[in-house]
Every structure is written in structure tokens, then in C-alpha cells.
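When the chains are written out, they are named A, B, C and D in that same order, and each has its own residue count from 1.
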Amino acid sequence: MSLDLVIVSLGVLLASALLAALAGRRDRLALALGTVGAVGASVLGVAAAGIRLAGTDNLVAETPWRLPLGRIAIGLDALSAFFLLCVYLVAALAAVYGAGYLKAYLGERRIGPAVIFFNILVTAMVGLVVARDAVLFLVAWEAMTVASFFLVTFEDDRETTRRAGFTYLVASQLGAVALLVLFALLRARAGGFGFGAMQAAGAPPAGLAAACFLLALVGFGTKAGFWPLHVWLPDAHPAAPSHVSALMSGVMIKMGIYGLLRIVTLLGAPPVWWGALLVVSGAVSGLAGVLYALAQHDLKRLLAYHSVENVGIITLGVGVGLLGASRGDPLVTFLGYGGALLHVLNHGLFKGLLFQGAGSVLHATGVRDLDALGGLARRMPVTALTFLVGAVAISGLPPLNGFVSEWLVLVGAFRGGSLAGGAGVAAVAVLPVLALIGGLAVACFVKVFGVLFLGVARTDAPARAHEAGPLMRVPMVLGAALCVLLGVAPLVAIALAAPAVLEVGGLTEVPAGVVGGLASLTSVAGVLLGVTALLVLARAALLRRRSVSVGPVWACGYEGVTPRMQYTAASFAEPVLAPFGAAIQRTVHAELPSGYFPASARYDDHVSDMAGERLLVPAARRVLAAFGRVRVLQQGRLQLYLAYVFVTLLVLLIWQVGAAGR
Amino acid sequence: MTGAADALLLLVLITGLFIVWSGRLAACVRAIAVQGALLAALPLVMWAPGGDVPVAHLVLMSVGALAVKAGIIPALLLRSAREAGARREVEPYVSLHVSALLGAGLVVLSLWLARVLVPPGPVTATLLLPAGFATVLLGFLMLVARKYAVTQVVGYLMLDNGVFIFGQTLAGSIPVVVELGILLDLLVAVFVMGIAIYHIGREFDHIDTRALNSLRD
Amino acid sequence: MEHLAALVLVPALLGVAALFVRGTRLQVGALLAGALLHLVLTGAAWVRRPDGYADYLRLDDVGMLFLSITSVLFAAVAVYAVGYLTGPTHDEPARLYRFVPYLLLFLAAMTLVAVTRHFAVLWAAVEATTLSSAPLVYFYRRGPALEAAWKYLMICSVGIALALLGTFFLGAAEAAVTTGPPGLALTDLMRAAPVMPRGWLRAAFVLALVGYGTKMGLVPLHTWLPDAHSQAPSPVSALLSGALLNCAFLGVLRFFQVCLASGDAAFARTLLLLLGFVSIAVATAFLIGQRDFKRLFAYSSVENVGILAVGVGLGGAATFGAMLHAVNHSFAKAGLFLLAGNVLRSYGTTDAGEIRGAVRQLPLSGPLLFALFLAIGGLPPFGLFMSEFTIFQSAIGDGRTRLGLLFVALLAVAFLAMAGVLLPMLQGESNRPPATARERALAVVPPLLLAAAVLALGVYLPRTLDTLLHAVAGVVGGTS
Amino acid sequence: MNGPIPVLVHAVLLVMLPPLVLGVVGKTKSWVAGRIGPPIWQPYADVLKLLRKGVVMGAPTTWVFRAGPIVGLASVLVAGLIVPLAAGAGPLSFEGDVIAFAALLGLGRFFTMAAALDTGSSFEGMGASREAAFGAFTEPGLFLVLAIVCVPARSVSFAGAWTALPWDAWGPRHPVFLLAAAALFVVLLAENARIPVDDPATHLELTMVHEVMVLDHSGPDFAFIVYGGAVKLFVFAALLVHLLLPVPAAGGWVGAGLLVAGVLGVGVLVGAVESSVARLRLTRVPGFLIGVAALAAVGVAVLLARGQP
């Protein structure tokens, strides 16, 4: 039943993409068709996921269709169903938003391709999570890459966009190489490409398992954006249209997490160092991500770096889960994996919401530079409110959903502290790191929200701003509502994630205590809202007979205050970043005021990603240089070419015939 | 009477060395014609006494070889060389004396090769393999060392002569049609090369192949 | 017998006839008639395998495969060429009489390569392909074209001469062990192979590998290839890359079959692997930052023949992959060269650096070129992914992990190198005034069909083709 | 005590006591300085006075500006309901509440800073950014302290760990707990904007951190802020007391008395520090806080090195 629904939804997606393609130059029609298709498919898909998560049966279907190798085998277990839910949920919101967002391009450029490839991207992701055959998996994986590549390069008349697209292509392909090797190794052992066969082959020997795990870490980590494999991410996500950024940041990069978990289920019991390695990786990604985000002035780039951060948090969760699994502690395992999976869903929701908010701002002002904006809350109230919800959620604060998943991971880390040996140390190490990440995230999103929506407009760009249209508002409101729902009712969230968690962790039932704790989170949220309401009423009552006047802001008695004197994003982030000066490479161009009557002063800083500038680019240069040396071969002189033939012949003759002679 | 065959092959070797050493186009071409004539005689000398190959076949072969290797092709080359107005070889990549020495060295190498590669079947002429190898290698030397298109074609011809010598090991086993086909191929090849040389001469008004390395990476 | 003779003679006679007529209409008629008849005859051969005459004319599975590739490609190229040469040309008025006859003779020669099992005939036929295609390379009477043709002629003739030497060596080896006169027929050779003197057999294979390898474009014997492909008219480039390289590969395979029969094939595999990997690596180096996009495609052909060699060298399932790859690559690369012709026509240059926004400039050819670029880069769901992945995973499966890693890594770099050159060409705003006329069907339909074929082969392998490929793989040392 | 009484006691303590702690701090400072100083219940008076006044809104402000003080106070109050005061577990205590506690404080900080930025004043922006930085650097230390107490107890709640300290075994693990107490005291100073991190008594905007952030709040809003600050200080003091005195072990009214005494003692301690230590340069503060975190990390390391209890 549920699997059939998935197949139907895939059909709907492809059909709508095809129709949109046939619509040709009638972009409006294409947009309508594509959106309707995506939403319809999402409804079916969410239903399918729901049915599966409610039940327990693992459905598998195989077509006799013969790929040159491998078959088309699909299945829907809890893990697939959970990710299916995430994909379709975020995709539906993004699609509706896109319907409003892309209208701005009508007449300016063809938007047909954007619609088509959006639906293809969703198709590929769904195919990926239901694939039960390595070849099909790889096909879906590459289709996902290609579709998203075309979406990223939608505005390919911009040089930056083209470069971003190329970087993305390079990263994806190098990652794909790791995956090819990974699956070839697994097949060589199992004798077949089917995941079933690989499962049946049992846990591989330690060496092979380690190799597979590392390959998966590189291959899937590139897509997921593990530091330092994330370099494509902060370029690609801003380049794409905002609803695509929402989809890519919200779910596409999570496909890497899905792949990692899927492979872990094939590799048998994990040793401790896997979990420890993931904890390290997650810590680095999380910290680097949030720090670079703090240093950004470009709104979408900042959000992209936060995706790196949140993937880091997810990785920490997976790491804790692995640590628990390595020591056979069901509680820690469940808390770690549960936090990770729930954060996948949550981050999909609030990051989608935030990118949509960013899109609305971009749409309304045409500006992405934070320091050119300000005071938008008055002109775009809905966007401001929903963005605030997203900001609080991504900062991991109660009573919103981001807090729930981080709470699970943290509790897991606390409990993991009592695991024997290195596992305990690794688990406890998560605590200060995640705490620091959280604190920095709060700082960053206060900065973003404050500089964007509060205070006074810094330039006249925000002054012309207008609230987003209904098609763009509705998904933002819905997304915000979901963030609140999953935050105040964590039991709903865990009900969705639990089956998948049990499957990945190889557990039979939810360990005692988890549900109780989550229930108490509801009561905390309730009390919090109650007290807040009381205080609101109290304030109203106190002010009933009092004067409420509006006056100028205190500026030490100085009168000539102008909007440009407000604190900018750069100045806000300065004291937070200063202690990390060495860790993130900032180039500061400052002309500080000097003398009693300083004439002019300016300050701007720019951060260049260390992973790219210091690690990967030089490496690539070296490789290219190595290849470049070969090019002397082609001199253009015939005699030389004939000499090649001559020498080759002699060498091979003497080598082989000599061998035979002896 | 392997003696006669060996004598022939010795002469072939000498002409080959002469070509490698000579600097004048006309001389090269004439020498290659001579070599062709010598080779044309080879089948008769080698196989006629044995009698296990129909004489008609051998005669046909020899006449064909004579016509092509010693007649038409050299004429073609001389003509295109004249049209291109080339007389003396420009300073080759490898000076003539050195190339003569190299040639000698190659002869030695081919003697070694022939020793490693024990001849199968009945030994009809002790010099067959060494001469074959040597001619092939000398042809290569010409191809690599010379700058004029014509001399390079001469090198190609010598290479082909070398191959022809090896072909003698199985004379008569290949149907006449095919053998003549192979000869025809050679003829057409040189014909097309001749046309190319003509065009080169017209395009660059000389046939120094140094003009021909504009295509490179 | 008659059937096979017809396959060779129809194009040959049409070509000879075309030498003596001038009219454009007649030339076009001859070309299309030749292509069509050849296609029909090939199709008929699928229905009922024609009987041959000894081994001089015989169509076995291997030949069948390469014959089919050649025939299909030629049909596509012929249709395209009509539009290409009669349409508005950017340089000189097209002289069909200088094109059609040689093209038909070229087809005849390639057909003969496919339908013979006799080594002397094979040799003559391969040499004939060189001679008949050299004038085509020199079609545009320009200095560079002349240079390219000259190099093509000299290098390939020398190579072929070596192949003849190899053939003679094989004959000598056969003569050493058979009582009767040596026949140079594949059947006899394979029967005699087990007892042949090893030295001569090996020498023969080395000579053949170097000789036919020159024509096939294996590094370091490939030097003529980029020049010829970039200077020849695009349809010719398509045929050279798509069909000719395969014919030369067939020559190598024939010698390899004898080695297999002799039970001493390990050394041959080693050589194939060596040259194959060298080809892939060196070609990749030349792909990086290549400015001339026709040379880019040419080097990509070098890379792909390298893949074929590696596939056969690995054996096992990889051989099947190699055979599948031969089909995929021929179609994809021919399509690419045809589209390159369209781009060249509309931009008037082969310098990738001077081309922007081809997708917008050429709304049909541009996206098609993009698709075929992804295909040649080995991305699913195109056929080349399946064939390359087959080769790779069989390497891993046979425990040759290092070779597998090297293989896949090199392919990835090659793809990225091509992307680095092609993406700037395809993306962005066009740097040419918008095209006045729509693209002509003749220029778009043939590459479109080829692309469709490559895509189809990626998602579905027809039963008949599958069985044929497996049969071929079984014959040339793979697991059938 | 049992039945509803503990909750009642908890609520009363939480609501009534905080300003007194502020008063104690102030009294201590003036006593050390040799002045008589304001009466000890002065803070109560201040809050009541402010509650009776009207408000002046900064021109650019929106609803966020009004939400700041309210959410700020609400979050600390709820946090106060989580921590144990007199009689064992707090009313809202549950497994994992320590994390909720920290997160609630973060929520309060978020809205206070947002409200500051809402005024568009560069001074308040400056204050908010400093608050953000110090807050971020305080978190790791806090969580490491929590780890020291929670990990050995195999519980992630104040009720399960803090009130269950092994007082009977006044032994090998206690040095670690003293370390934790020291670290927690610094966290307390930082979280409540006291010297050496911040100086509540300064009158120059450019040197303020917390104060400058709330410059434009007035009337009840400012009352909420002042009172909220007091609650925060009180809550942290209570936690510190639990690390140092066996309040729950004493139990019942004795425990309550012990707690009150301890909290006021913490007030005296804070006052003493404020009057004896100089304030750090702003740029030094992060390093100072990180150093404290490192101290706590050492504690955790020792704990884990001892092997799991």
C-alpha cells in the first residue's frame, strides 16, 4: 500500500516534469504544472510515509526491468519512510514558495528549466531513499547532483554563479568516486548489488568495514557538507534561487546523512573509533560552520554556513549514537540517533523557513548584504515573525523544535559519559562543544534578525520593501507553525522518528525515560507560555492608567543620530570573533579614526574559507601541475611522433620477446 | 643455394646504409629503387630451387615488386621532388655521419634480435632475419632523422622493404590476389603521399617538414 | 558470400562511380543510397547471418558488432553531412565531389575490416581506410589541414606497415608448426596457436598492437589523432572517432584472439592494460584546459580507446563492459562531433575561449551538447556510466583494487577537465548576435537520435544486443 | 514537608527572596567601603517604584522591544522552577532538566538582545554584541560543571544529581566538586554581569555591557529587567549552595533555612569580590571565561580518569 503510493507519487513528479517540459515557452503554464505536481506528489508521499511509520512491515518491490547491471529494486523501511517524510514535507513548502518566487523572473528569463529540474531533483531524492539496489542508488545520487547543478546555475549569466556551479560539480564528482568504490567493494563481497544481498552477506571483516566506513564518510560527507568537504556549499546555496536553496539546504544535503546511516546498517557492530571520529568531525563542522556564518555579511551565504553547522550537530548526534551502539547501551544509542534524525527533520523545516524568509527579503529589497538592510519588521511583519521563529528554532532554544533535537543529543552525551573507556570521553567532549555552538548560534541569529528586521533602515533599499505575496507567505507560516508544533509537542516528533531510530540502532523498543523527558519538555513549554501570558497581562494592567509615550532613543545626549550610526552586522560579530582570530582567516581593511577631529574612517572585513584557500585549492593546483607536465609530448613534429612509435615498438619487443626468449 | 640469397640480402643491407649516409635526394631515391629491384629478385632466388611454390606465382610476385618498388614509385618520388624544387637534403636532425654510424649500430642490434628470435621453419637464408630487421630499423632512422618529405617517404619505403623481406618467409602461402593487393596498397599509399608532397610544395613552396608543426598543444 | 560481398562492393562501386560525376544532386544521391543500402544489408545480416567464403569473407559475432556500429554511424553521418555541406558554409563552397567518393570508399574499407577473418585481408582493409580517409582530412584545403593529413598519412602508414610485419610473423609462427602452407586465416591460426613458438607469437602481437594501436589512437602512438580530428570536417571527425578507431581495435582483437587460443594471453593483457592506462592518463592531461573543443573531443576519444584496452586487458566481466563501451562511446562521440560542427558553424571558431552561451545561442544543439557531454563524462542514466561502471566493478571484484581506483579516479578527473572547458562554452549569455534562422533539422536530428540511443542503452539493454555482446565478450577472453 | 507545601515554599522563596540577595550584595559592598549604604531591602523599593511608572518607547521600536523584558523575566522564572531550592526537586524537575535550564537562560538572553537591537541605538547594539560574546563563552563552562555533577550520578537532572551528591563519602571525588563549585561561581558572576566581567555600578555607557543593553527600557519593563536579574542571581546562588552544603540531606525546614542562609552567604561573597577585585578589560573577558571552562574540563578529565563509579 504505502510503497504503491510512493511509486504513484514518483509517477506524478515525473509526469508533471514532462508536462512542464512540453509546455515549452509558456512558462506560467509550466510553473503551474510543476508546482501542482510537486505538491500532489508530496501529499501522496507524506501519506505513504505516515502509513509506513504507523505500521511495521518492510515492503520491497523489484521490477524485472534489466539495467545493464543490477535491477530496479525499491523498498520502504522505517529509515526510508522517515527521510521520505522530510523530503516531501520540505519539497511541498519549497514548491509553493517557488511558485510565488519564480514569478519575479517571468519575462526576464526562461523559468521552465527551474521548474523541471526542481521536480527531477525531488524525484531523485525520493528514488534515493527508496532504492534497494546500489546501481539504482548511484543513478539516483548522480541524477540528484545533476538536477541540483542545473538549479544552482539557474542564473548562469552571473560569473559567480557559473563558478559556484563548477565548484559544486567538482566536489560532487569527487565524492561520487568514493561512493563508486564503496559500493564496488560491498558488491565484491556480497556478490550482488542488492542491499538485501549485502545485508545477507553479514558484517564484513574489520579492515573492509573500516575502509567502507571511511569511504562513506568522504563520499556522503561531501554532499552533507562535512568540514573541509563543504567548500562547494557556501557558494552553491546562495547562487541558487531561494526556494531551491531551501530544498538543497533543507533536505538534499541530508541525503548524505541518510547514505551514511544506510551504510552503517550494512557494516555490522561499529567499533568505538567510528563514533569518536564522527564526534570530532561533527565538532569541527559545527564550530567552523557557525564561526564562518558569524563572519558573513551576505544573508544567504550566512545561512549556507549554518547548514554546515547543523550538519555538524547531526553528525555529533550520529557519533553519540555510534558510541552507544559500540558499547551496546540502548539508551545512549537511541538518544544519539534520535537527536540526529529529529534534527534532520527540524533543520529541514527551519532552514527551509529561513531561506524562504531570506528569499522574501531579497525579493523585496534586491539586497543580500546585511549591512544595507534594517527595520524591515514594520514593512514585512509576517516575514519578520516567521523568520524570528526560525531564528529561535535554529538557535536550539525552547519552546521550538530545534531545542528538542539538541536536547536529545545532549542528554545522550551526558548519559554517554558513563560509557566505559574512550567512548565516555568522546561523549562528554560533545557537551562543551555543542554548548559553545549553541551560544554562538544565538549570537549569530540575534545579529541576523536584529540587523535585518529591527532598528532603522540603513539604506533606502529596505525603505522600498514590501511584504511577500500570499504564495510565499503561506509556506513560511506553515513552516513556522510546524516548528512550534514539533517544539511544544516533542512526543509527536519522536513518534515519527522512533521507528527509524530503532531500525538504525538495531533496538527493539524505545528505552524507558526518553518519553517521560520529552513529555516534560511539553510542560516546560506550557509553563513558559503561561508565565509569559501572565506577565503580558500584568504589564497591560500596570500601564492601564499610566502614560505610554514615544520618545527619541538615548544617545548620551547627542542629537544628530543617523541610521548609519547603528551597530552593523560586522561590528556586532566583532567581539565574538576576535578571540578566534587565528582560527578563521579574516582580512580586515580598516582606516580607524585618528586625531581630535577624525576626517574619515572605514572598516570592512572579509573572511576567506580556510578549507578552500589553504587545503583544497593548493592540492588541486598540484594535481593539475602534475598533469600539465605531460603536455610536452605533443610538440607537433612528425619525426618526433614517429620516434615515439619506434621507441615504443623496440621497448615492448625487447621486454616481451626477451621474456619469451629466456 | 642460400648463398645467392644471402648475397642479395647483403647488397640490400649495403644500399640501406648508403641511403642513410647519402645526403642527396636523387641519390636516395635511386638507391631505394635499386633496393627494390634487389628485393624483387629475392623470391625467385629463394623459392624457385625448392620448387614447392608454383613458379608462375613467384614470377608474378617478382614482376609486380619490380614494377612497383623499382619502377613506378621511384619515378613518382623523383617527379614530386623535382616539382618541389628540392635537390639537397637540408641539415638533418641527425648529421649524416652520425646517422651512418647509427645505421651500423642498428645492423648489429638486428643481428642480436635475429639471434633471440630463433627462426621457425626451414632456414632458407641465414641473413634473412637480420637483413629484415636492419632494413626496418634503417627505414625508421630515415623517418625520424630527415626533414624533407621526400626522404621521409624513402624511409617509409625502406621500412616497407624490410617488411617485404620478412614476407619471404611465407612466400606462396598467401594467395597471389592478396599479395598483389598488398603491393597495390603500397603503391596507392606512396601515390597519395606524392600528392600530399605536391600540395606541401605548393602550400609552403618547399618540402621542408619543419613548416608542418603548427598543430600542437 | 554474395551478401557480404554486396556489403563491401555497394559502397565501393558507388564511391568509384561518384569519382566521375560532379553534380551535387548525384553526389548526395550516391551518398544516401550507399548509406541506406548498407544499413539495410546490415539489418538483413541481423535477421539471417550471411554465410561466408573461407575466412576471407566471414561475419562472426565480433565482426557483426563492429559492422553494426559502423553502419548506423555512417547513416547518421551521411544524413548530417548532406545538410552540413550543402547548407550555408562559413568558409568555401562545398565541393561534394571531393567528399562523397572518399567517404563511400572509406565505408567500404571499414566494412571489409569487419567482415573478414583473414589477417592479410584485414591488413589491406585497414590500410585502405587510411588511404581513403586522408583526402577527407584534407577536405578544407588549408595549411593546417594539409599538415594534419600528412601526419595522419605518414604515422598510420608506418604503423600499418608494422602491423603487416606482425601479420607475417604470425604466419611464420604458423608455418613453423603446420605441415601445409600457412594460411593466415583466423580459424587455422587459432587451431595452430597452442603449439606456436612463443617468441614469434609475442613479437607478432607486439607488432600488431603497436601497428593497429597507432590507428586506434593508443598513447604514445596517438599523436596524429587530435590533429586529424580537429582539421577534418566535423562529419568526418565523427566517423573517424566513432567507427575507424573501432575497426583498428578490431584488428588488435583478432591478434588477441590468437593469443587467447595459444593459452599465452597474460602478456597481451599486461600490454593492453599498460597502454590503456597510459592512454587514459595522458589524454586526461591534454583534456585539462584544452582550448580547441574539437581537439578536446579527440583527446576524449583517446581516453575512451584506453578504456576499451583496459576492459579487454582486465578480462572477466570487464570485457563485456568494454564491448558495451565501444557501442556507447561510438554513438556519444559521433554525436558530439556532429554538434561540434553546429557550434563551429554558428560561432565560426573552434576556440572554446571565444564561445559563450551556446545553450542560449543554439536552443537545440546547445542542450543536446550538454546532455552528450554528461553522457561522455560517464554520468547516469547514460550508457557510458553502465559500461564504465561494469569495467570498474569487475576490476574491484577480481581483487585488482589498485587498478580499479586508478581507473575511476582518472575518469573523474577527465570528466571535470571536460567540464572545465565546456561549461563556460555552454552557459551564460551568448557573445554572438542572436541567430536569425532556426536550426536545420538535418543538423539536429542525427545527433539527437544518437543521444537518444546512448540514453536508451543506459536504462535498457535489448535482449538481442545483450546476447551478442556476451557472445563477443566470450570470444575475446571475457566471461560470456 | 510534603503535599503541596514544597511547591508553595519553592514558589515563595523564588518570588520573594531574589531582591534581598541584591540588597545583601549592595550592603556588603558599602560595608567594605566603610559607608552605611542603602537599606538591605532597597531593591524591593526600586522594583515597586518602577512598576508604578509609565513608559517611554524609543521611536523605532516594535513589539520585539516590548517582548524583551517579558520573555527575559518569564524564562528566568521558569528556570527557577526547575532548579531545586529548599526541599529537593523543583516543581518542574525532570530527567534532562539541566539542559532546559541552560536553554531557558539562552532564550531570555536572545530576546533581551533583540530588544536592544530594536532601538537602533548604537550603544544598545554594542551592549548586545558584548552580551552575546560573553554569553557564548560562558556556555561551555556551565555544561562542563553540569557534566562533573551529572555524569557520575548517571542522571541528567538537578533532582537526580545535584541533590544526590555523595555527602556521606566526603572523599576522593570531592576535590572535583570543589573545582566545579569554583567554576560555577565564575559562571554566576558572568551570567549576572558582575565584576570582574561587568560592572553594574559604572556610569559610562561605553564601558557597560548589561546595563547599556537596557538603557531605553523604563517603567514596568525596566522593573521586569531588574527583578529578572535578581531572580537569575538567586537561582545561580541556589545551585552553588547545593554544591557546597548538604541542603537536601538536612531536608525539611532546616534545609530551607540552610538554603536561605547559603544564598545570602553567596550574596556576601559576591559583594566581597566586587569590592576587592578590579574589573577585567573587555578584550580579556573571553579568555578568562575560556580559562574557567578549561578548569572545569580538567575536573571532568580527573573524574573520567578515576574510572566510572
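Keep this in mind: contacts are C-beta pairs under 8 Å (C-beta built on N, C-alpha and C of every residue); 3 or more make two chains touch, one makes a residue touch a chain.
For clarity, every value in this text was computed on a predicted model and none was experimentally measured.
The greatest centre-to-centre gap from chain B, using C-alpha centroids, is found for D.
Ranked by C-beta contact pairs, the top pair of chains is A-D. Distance from the chain A centre to the chain D centre is 35 Å, each centre being the mean of its Cα atoms.
Chain geometry summary: the mean Cα position of chain A and that of chain C are 44 Å apart.
One simple way to say how far apart two chains are is to compare their mean CA positions; for chain B and chain C this gives 31 Å. Averaging Cα coordinates per chain places chain C and chain D 78 Å apart. Taken residue by residue, chain B touches two or more other chains at 116-117, 140, 143, 152, 209, 212-215, 217, whereas all remaining positions touch fewer. Looking at chain C, one finds that residues 150-151, 154, 158, 162, 199, 203, 226, 286 touch two or more other chains.
Residues of chain D in contact with two or more other chains: none. If touching chains are joined by edges, the resulting network of the protein chains shown has some other shape, matching none of path, cycle, star or complete graph.
Contact between chains, using the touch rule, shows up for A-B, A-C, A-D, B-C. Contact residues on chain A toward chain C in their complex (touch as defined above): 65-69, 135, 138-139, 142-143, 146, 153, 156-157, 162, 165-166, 169-170, 173-174, 176-177, 180-181, 183-185, 187-188, 623-624, 627-631, 633-634, 638, 640-642, 644-645, 648-649, 652-653, 656-657, 659-661.
Listing the residues of chain C that touch chain A in their complex gives 150-151, 154-155, 158-159, 162, 198-199, 201-203, 205-207, 209-210, 214, 219-221, 223-224, 226, 267, 271, 281-282, 284-286, 288, 324, 357, 374, 379-381, 383, 385-387, 389-390, 392-393, 396-397, 399, 401, 404-405, 408-409, 412-413, 415-416, 419-420, 423-424, 427-429, 457-461, 466.
Against chain B, the residues of chain C that register as touching in their complex are 118, 120-121, 123-124, 127-128, 130-131, 134-135, 138, 141, 143-144, 146-151, 153-154, 157-158, 161-162, 164-165, 168-169, 171-173, 175-177, 181-184, 197, 199-200, 203, 226-227, 230-231, 286, 290, 295. For chain A in complex with chain D, the residues that touch the partner chain are 374-375, 377-378, 388, 392, 395-398, 403, 406-407, 410-411, 414-415, 417-420, 424-425, 428, 431-436, 438-440, 442-443, 445-447, 449-451, 454-456, 513, 516-517, 520-521, 523-524, 527-528, 531-532, 535-536, 538-539, 542-543, 546-556, 561, 563, 565-567, 571-576, 578-579. Note for the complex: chain B touches chain A at residues 93, 113, 116-117, 140, 143-147, 152, 209-210, 212-217.
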